[in-house]
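Encoded as structure tokens, the structure appears first; notes follow it.
The first chain written gets the first letter, and so on, giving A, B and C; residue counts start at 1 in each chain.
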Amino acid sequence: MTTLAPGIQTRPVEPPRAATYLLPLGIGILATGIVGLTGPVGPLWGTLVGLVTFGVLAWTNITRRWIDALILVVGGIVGLSFFDSVLAARTGKIDFKIALLAGVGWLVYGAATGIVVYRHRSEYRATIIGLQALSWGGGATLALFTATAMGVLAPLNARQISNGEIQELTIGLFVVTGLSAAAVGLGANLSFATRLVTLFATGFVLVLTVMAYNEIQFSTAAIATQLSRIGEIADDFWPPVWKWRKSLGQPETFNIIEPFIETFQIAIVGATIGNILALPLAFYASRMTAPSNIAYRVAKSFLNVVRTIPDLVWGIFFATAVGFGNPFAGALAMIMFSLSIMAKLLSETVDSIDIGPLEAGRAAGASHSEVIQYAAFPQVRPNYVAYALYIFELNIRASVVIGFVGAGGIGRLLNERRNFFQWDQVMAIVIVIFVSVLLIEWLSIWARRKLV
Amino acid sequence: MTVPDLSPNEKMAQLRPKEPMGPRITRLVVTILIVVPFIWAVVGLEISPERIYRAPAEIWVLLTGMFPPDFDDSGRIVAKLLESIYIAWIGTVMGAIFSFPLSFMAATNVAPRWMAIPTRAALSAIRAFPELILAVILIVPFGLGPFTGALAIGLHSIGTLGKLSSEVIEGVDEGPIEAISSAGGTLMEQMRFGIVPQAMPTIVSYWLYRFEINIRASAVLGLVGAGGIGAEIVGRLSFRADWPKAGAALLATIAVVLVVDAISSSIRRRIITGQPSRSVLSKGMIAITGASRAPSTEIKS
Amino acid sequence: MGIIDFTDTSVTYPGGLTALKGVTLSIEKGEFVVIVGLSGAGKSTMLRAVNGLVPVAGSVVVDGREVVGASRSELRSIRSDVGMIFQTFNLVNRSTVINNALMGRLAQVPRWRSFLGLWPADDKEIALRSLERVDIVEKAYVRASDLSGGQQQRVGIARALAQEPNIILADEPVASLDPVTSHLVMRDLQRINEDLGITTLINLHFLDLARQYGKRLIGLNDGRVVFDGDIADVDDEVFRGIYGRAITPDDLVDK
């Protein structure tokens, strides 16, 4: 080996390596798999988890000593047995106390890993190892606690828990714990508070996902089944039927055009008026150009509330107010929709304008609205035009569906045909929508590019 | 004229340029392009002055009818709102998981053209279907219920997230990638160490942003029977005309969306601006995503 | 009574910083006054006290009208008679030169006309003449951002002139320009003062420019007037009094 450096400078301590981050990840996932497959944990699985951990440590060149294997296996057995006994012994409510106790089980195992890693990487500060161990226990405890507090386990509170449920529960816990710990491991060089937050965030995301997955009865099996009979389903939809009788005794006609034009008109009216009304609002909703602090707050809050209401809910609202099946309702809904988006985008653009010209305008004795029109608006005009085109595109998409709630347009027709189970006619309408949405998008992109 | 003495001498006046016609013509054309279709649309929709005149009163009647809201069956509202959140969440998770690899396949600076172009086309085809229409189609095989709603939202999210993420990937700084490839790094390594750290904060913030949008989308899927709060709002407004209860459902929806927006946008801001010294959360996100630097990209769509 | 009378005038910013501390002085009609002082001494603040762009206390009387406590419309009417020129020009870059100059007419033109962009012919004429005055009329229909720094500042002067002001306030008008252009702009301002008799207050950073173009000099230090007199009486000692140090080449435009 050639001498590259004379070696005068002192070398810094090597920071924790990626291998140590991968460690918890590997173990967590493996443990999940093993326990998930076989049900309740216990001494046997403690042995397995200990050996697997040792395997990972050996593989990442941290240790190959039997004494370490022993520590890990004993730690695994003690920890997981404790975990198991806590879970299996309780017959009634799952509460924070049990969560805590289960966490202690992990703590023991975590400590065992900590000791082993510490023995062989003395340059790693003890605090890091301590945190690592703590986070394993903490991971389990917090995940359980979160789950308890959020009511995931609520149905289990009142009654005896079956073996199957314990199994499910344990899988869930292992997933949460393993991945949480992995995330903490990933952030090994971060502060304690950061790791805690990371842990919580990961736990929260995972718990929410598992919960939502269960609650909406997500089923990969159903997806597989339906995919396998895609031909049958397609038969319902294909070939599309373009003409049909409006009512008995009438000739078959091409019925899509008229509501389609209506949709277009709704989008035009909505975008035009919405974009105009958004102008003053946008300037009120920026600190740069608001006439007063109160005006700013009012405009901003108004926009925030308007923005929370989905386009279709506007549709229902106005349809209820001005009459069902009325395209006027659709236009009103599209106005609110356009207004909220434009005002938000534009006010954020106004936030970054140059205030020099505004001061010049004020110094020349111009009124507030004159300053906005002559000093502020020209600065955001190109953005305004680009946003307007973009909003028109969004309006076309939105006004397609707005008819579902009785606000006119092609959505109304689609809903009607759907209620008659005329899937081949639905298909024809969907194709028209699909093509027009794509066309409008291309057009809008092209026009915006031309502008720049 | 009040200031005859402003200009120092007479012959200056000849230097005055003529006002160019170009901008005026443009302005005229643009005005026509806006006004004519607008009038056509207003006439076509039969929006008469009388109707406009009547509308505020009608809206006022409905608004006052919804207040004070009736929170009697708030249990049901909460359950349905939760269902909406679940639908949006699963939809977002689906979108994130599937769009992530697709966005690499659609990015021209990573994938070869023969792969990027069809992937792109597929993504924009998916996007062209609004969630509600996807739901209408998916109800046929998957039946009524939140599962169908989640699938519809998930599919649409794959389209939008895939497009946005691939744009982020295409926008990353080429320097690090070049450095890795010149050091003999494989394509996989280029992606892991050259692209992901740059693009990840923005991509994750798009995921969050998508969740905000999906909450709104899932709030209306109930219209076609795909679960969530939508059915409550529509049913009470239009079919049963139970306005105070509709008001309650609407208010609850607004509140939930506001809260989710506030949380999500504050996390997004932290991820994007990445204030490392102050924000514990962004460090957490960085820890999870392994990312360290954010290219600032404005969120649209 | 001068055209501008400061009486125990103070300015305290919302943050609580008092940038102008009890200034009392009077400026006569047609004067050409140069204000100097270290950065942060309160020069810009003093100018902005004249047209009420900063929160003023005490009394500032401009052309017989009190700025302190003036209503919005009174303030706008005072401002419309006071032109202002800025270090960074403060032009609307995306607008044409003539539209920038026309901003000086906003206070005089009925709102519906300016809203629709239907400027009365008289006001357009005034704007064009102001542009002629500073030799930039040929660029009238060019975008402001397409001009050089010196040209932009001339548009800034034209905008002020279009107000047909009695007073012009210039806040470091040449600080962003190169030496040659600086002299051109200063000469423009000087000629406007001489030809049209417009009272002119200029903040300057460069001492040689102050000496060359000024008549009366006001020295500010930490919000207080520390010198007020004829520029001819100003020697190095006075400058040291204002700046708290000797003159360095950095204080001169022509080094």
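Everything that follows uses one rule, which is that contacts are C-beta pairs under 8 Å (C-beta built on N, C-alpha and C of every residue); 3 or more make two chains touch, one makes a residue touch a chain.
Since this is a predicted model, take the numbers as computed values, not measurements.
Ranked by how close its mean Cα position lies to the mean of all protein Cα atoms, the top chain is B. No other two chains have as many C-beta pairs in contact as A-B.
Chain centres were defined as the mean of their Cα atoms; on that basis the chain farthest from subunit B turns out to be C.
One inter-chain figure worth recording: subunit B and subunit C are separated by 47 Å, centre to centre, where each centre is the mean of the chain's CA atoms. We define each chain's centre as the mean of its Cα atoms; on that basis subunit A and subunit B are separated by 13 Å.
Mean C-alpha position of subunit A lies 54 Å from that of subunit C. Across the complex, subunit C is touched by residues 1-3, 5-8, 12-13, 15-17, 19-20 of subunit B.
Residue ranges of subunit B in contact with subunit A, taken from their complex: 34, 37-38, 40-42, 44-47, 51, 54-55, 58-59, 61-62, 82-83, 85-87, 89-90, 93, 124-125, 128-130, 132-133, 136-137, 140-142, 145-147, 149-151, 216-217, 219-220, 223-224, 227, 230, 233-234, 237-238, 250, 253-254, 257-258, 261, 280-281, 283-288, 290, 300.
Of all the residues in subunit A, the ones that touch subunit C in their complex are 354, 356-357, 359-367, 369-370, 373-375, 378-379, 381-382.
Taken together, the subunit C residues at the contact with subunit B in this complex read 122, 125-126, 128-130, 132-133, 135, 137-141, 161, 164, 195-196. Within the complex formed with subunit A, the residues of subunit C that make contact are 51, 53, 76-84, 86, 88-95, 99, 103-104, 106-107, 111, 114-115, 156, 159-160, 163, 169.
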